[in-house]
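Structures follow.
You will see chain A twice below: alongside chain B first, and alongside chain C after that.
Let's look at the complex of A and B:
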């Protein structure tokens, strides 16, 4: 029990501390922006981690919810002059509803069929964002009004703490889902749907629920991205976005609690470091990703947690000495 | 004295796959506290019948009535809540979850709450979780595996995985336990252990319906036996009656002057 608590809240404390002091360590708006984008992608990654890493439902259409959240947020502010909190809420609710409507039929499919269907959905959303110029602003997108909260204009540093607060809230929600009966049930659905339903799990309901939750995480991430970028454009639902999401999930570690944070930091920071290499950037990026998949299939977060869990649960190292046997059925 | 209605009654149950009749108008009953076995040669329709009763496959005809409920209307995931759970012929644990988490999942129907209501009732969810863990430990103790509670289920040998599966079934508090070839792949000592555990559960009032190949096992534990052959019920009775039933002997060994004897 205490090791579980430690496992959940030790990383949380570390992340919270890093997040709180980061603005003092960074210089200038550019670095602060990089930090904010890291939190944004961590939120996006946590949603995907719940959906695919824990529940085993591979969606390649999360960027659609990222975009729908951001566009809804911008449109509600532009056309209805809603305040920031209400527009944020509106963006999340719209994504939840769309997630429910899409999830109900699509989650009847499994594995690559599900991936294809969600990808198609995202391509439709992307086309709408590109071509419905009157509504979405076409390729140039929409501008988000300067952020203000309760009448006070938000400075850059306030915006940082807002985005960081959203990431912290998302982490708590992720931990809650992962460490209660909800997480167990989702793991069961991933492993064996037939056995899951025979122990009393309503498989369809759980799959649709986690799809909606992941859509809401994507919405929050998209809205935070729009706040940081002061606007929203069709690249939000583009293929680059889902490539970033997959990369951060693989590098960070699927199913890992801290993976999305590590993955997001790498996905955001690595291109900045590699920028000097110009055309070789993509090559190095791709090779790096391959190396990760081959040598660290659990990702960085997963590998750290695994070695840490060993020392939490098993101080005497009994586990490694234990015989792993499995009698075969004749 | 009036006899109480049976716990489970299977009436004229049929299953057709296209032109093939896998189960054809099979009827029998399981009364409270009884252990009933279903036997038959390979391909007799035992597993299909089992899937029909546990709801994994839809019926083509007939009725399954359990505790007054028409089970054809109850989806599989709601069956454990009304007192019917099953195990599988090939053990189906959630391998990368720990042993105790597997058992706790069996009690899912007791804490069945959606995402939103769980979030709104956080303290209750945490208390329920602790109770469930406690109960899971009780059942692991019962099957003798409490020491391995925190290991990944896939690390256990087959015989112990079978016991975890039984603990997972028992935590939901079933009235009827459906066991699909529980002794398959177990060695002698493990089979004896399984027999003891099932007898203890039966002494506490649990009814059991099982399909089994192991004749010694089934003759040793069942109050009544139903024999299937080619999808139809050919005999029912006590182990003693079944042993002497000519139709059963014929189904297993072939006719005396037929061509299928082996």
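Let's look at the complex of A and C:
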């Protein structure tokens, strides 16, 4: 087995095993809910990771797609009585279209400008969610009908496997994108747009494609979040959501494959363990974000992968050879 | 004619606030090439610490406002020393540093939430809120003070940047910190100054606009975004272009709010900015600035 394959699929196997047995280890609906939220935010983080970690395009407006996906999902079920898979598909398609329409003009911008423009877009979505009361239910939001699949009501445990399945699918898609031409082109775009276009990479097309893909990841995460919370409200598109996303991405590790999972687990579980911490949440996320950026810029996932890479990337034992030769020469 | 005057006046008031935020964003950006996401939080801090000093400690305004400015300057200094500088020293990308300032914004909001709680607070006014009618247009001294402060700060910054040696060093650091350092300029000190100066401008803005907007812990991020809209419209190249953008946004908002619904103002401005970006992809300021990292 080649080192790349091993590096991609070893974490996948571990995550798959953890995910599959987790419901037996957890007690009660509350712990199950926490587990589901971890998968939800891992999906959200993977989308962001593709966009910023791989392609270097910083969007601070991913929470808009998170909310649009969730609202579309709820509205399609409420007004058109669509089934769960169709509503899920509807939410993803709507987000992809919005991502395309917003992405085409916005991705002409770079760096700070892109970040701010996407944040502006999210603020407008947030405003609409808050104030268009007839359509979005205002502050109280919308209720999502009890989930059912092919006529059968989904129990909590079924819902868990649905959300986990979505996360596993998202991971595979992430690995797939990274290994294709698209992924390599995006890494080139991240390093140097001018150089990338000089070797025939259509920079705009690739940037828009990955923006749409990230919007779809956010949509899936939003929909899963709505399913778990049994409703959707304007906080989905709030500024708190993007702080969560940034914290989990930085703590987990930008550009790392397993980063989003580790980051999501920490961001979701940490406030639960330290009881009565809700008041301090904004403060602690901020401090955590800053401390990680300064002292562990690769994040936990990135650091693990880096230390593991020694054993993957060193088929000829060059590193150990070097170490030996250094030990021999006085 | 009279409605027109009122529109202009209210547009100018809000526009001055956006312009002040935009201007301080451009000041920090000019020296450090980083968007300071915590800029709007300084306005929040200014408004809420006015509440602390003037209402809670019942200090007179003349003592309270300098205290507010000292608090903001200290926090501005801390943001530079604890977030910006360590990140730059370890060679982080500008975008990473920007996320670092967003973390600072989050820390400031979180701390303010612990001190002042989640409710909107009444911010004491330095100037009278009673209506004054000049040439058929009613205004308040507080409103006029905001516009006057904005005009004064613009003049001050212009003088500082373009008529003093110190201003020249600020601009030099903005163009290339490494070369500026070779010329004997202490680039890190200049950048620290730009952070502290912007924080003071933010605090002053907060103290002045607080009575009109009401003090709230989450008011900062919206102002940062408005300031940045100003910067995109006008141009990041100079603080004055950013200020012009702020005034334009204020006037546009007032007009849309008057003839339609204030709800549509933001989407319309956003649409305008998007349209502008399609026509001029690098923004009104031209290629040079937007392509810089």
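Note that the second predicted complex is superposed on the first by the 300 of 330 C-alpha atoms of A that agree within 3 Å, B and C clash if a C-alpha of one lies under 4 Å from a C-alpha of the other, contacts with A are read in each partner's own complex, and residues count from 1 in each chain.
Going forward, a contact is a pair of C-beta atoms (placed from the backbone, for glycine too) under 8 Å apart; a residue touches a chain by one contact, two chains touch by 3 or more.
What you are looking at is a predicted structure, and each value in this text was computed from that prediction instead of being measured.
Asker: State whether A:191 touches chain B only (first), chain C only (second), both chains, or neither.
Answerer: After superposition on chain A, A:191 lies in contact with chain B alone.
Asker: Touch check for A:110: first (chain B), second (chain C), both, or neither?
Answerer: second
Asker: Kindly classify A:182 by the partners it touches after superposition: chain B alone (first), chain C alone (second), both, or neither?
Answerer: first
Asker: When the two structures are overlaid on chain A, which partner does A:201 contact: first (chain B), second (chain C), both, or neither?
Answerer: Touch status of A:201: first partner only.
Asker: For A:209 in the superposed arrangement: first (chain B), second (chain C), both or neither?
Answerer: In the superposition, A:209 touches chain B alone.
Asker: Quick check on the superposed pair: does A:219 touch chain B, chain C, both, or neither? Answer first, second, both or neither.
Answerer: In the superposition, A:219 contacts neither chain B nor chain C.
Asker: So, does A:170 touch the first partner chain B, the second partner chain C, both, or neither?
Answerer: Touch status of A:170: no partner.
Asker: Show me the residue ranges of chain A that touch chain B in the complex, using the header's touch definition.
Answerer: 173, 176-177, 180-182, 184-185, 187-188, 191-192, 194-203, 205, 209-210, 213, 313, 319, 322, 324-330
Asker: Which bits of chain A are touching chain C when the two form their complex?
Answerer: Checking each residue of chain A against chain C gives 58, 60, 105-106, 108-113, 115-117, 119-121, 123-124, 127, 131, 239, 243, 246, 250, 279-287, 289-290, 293-294, 297.
Asker: Which residues of chain B touch chain A in their complex?
Answerer: Spelled out, the residues of chain B in touch with chain A are 54, 56, 75-81, 85-86, 88, 90, 92-97, 101, 104-106, 108-109, 111-115, 118-119, 122, 125-126, 128-129, 132, 150-151, 154-159, 168, 172, 184-185, 187.
Asker: Show me the residue ranges of chain C that touch chain A in the complex, using the header's touch definition.
Answerer: It is residues 35, 82-83, 86-87, 90, 92, 94-96, 98-100, 102-111, 113-114, 218, 221-222, 225, 228-229, 232, 263, 266-267, 270, 273-275, 277-278, 281-283, 290-291, 293 of chain C that touch chain A.
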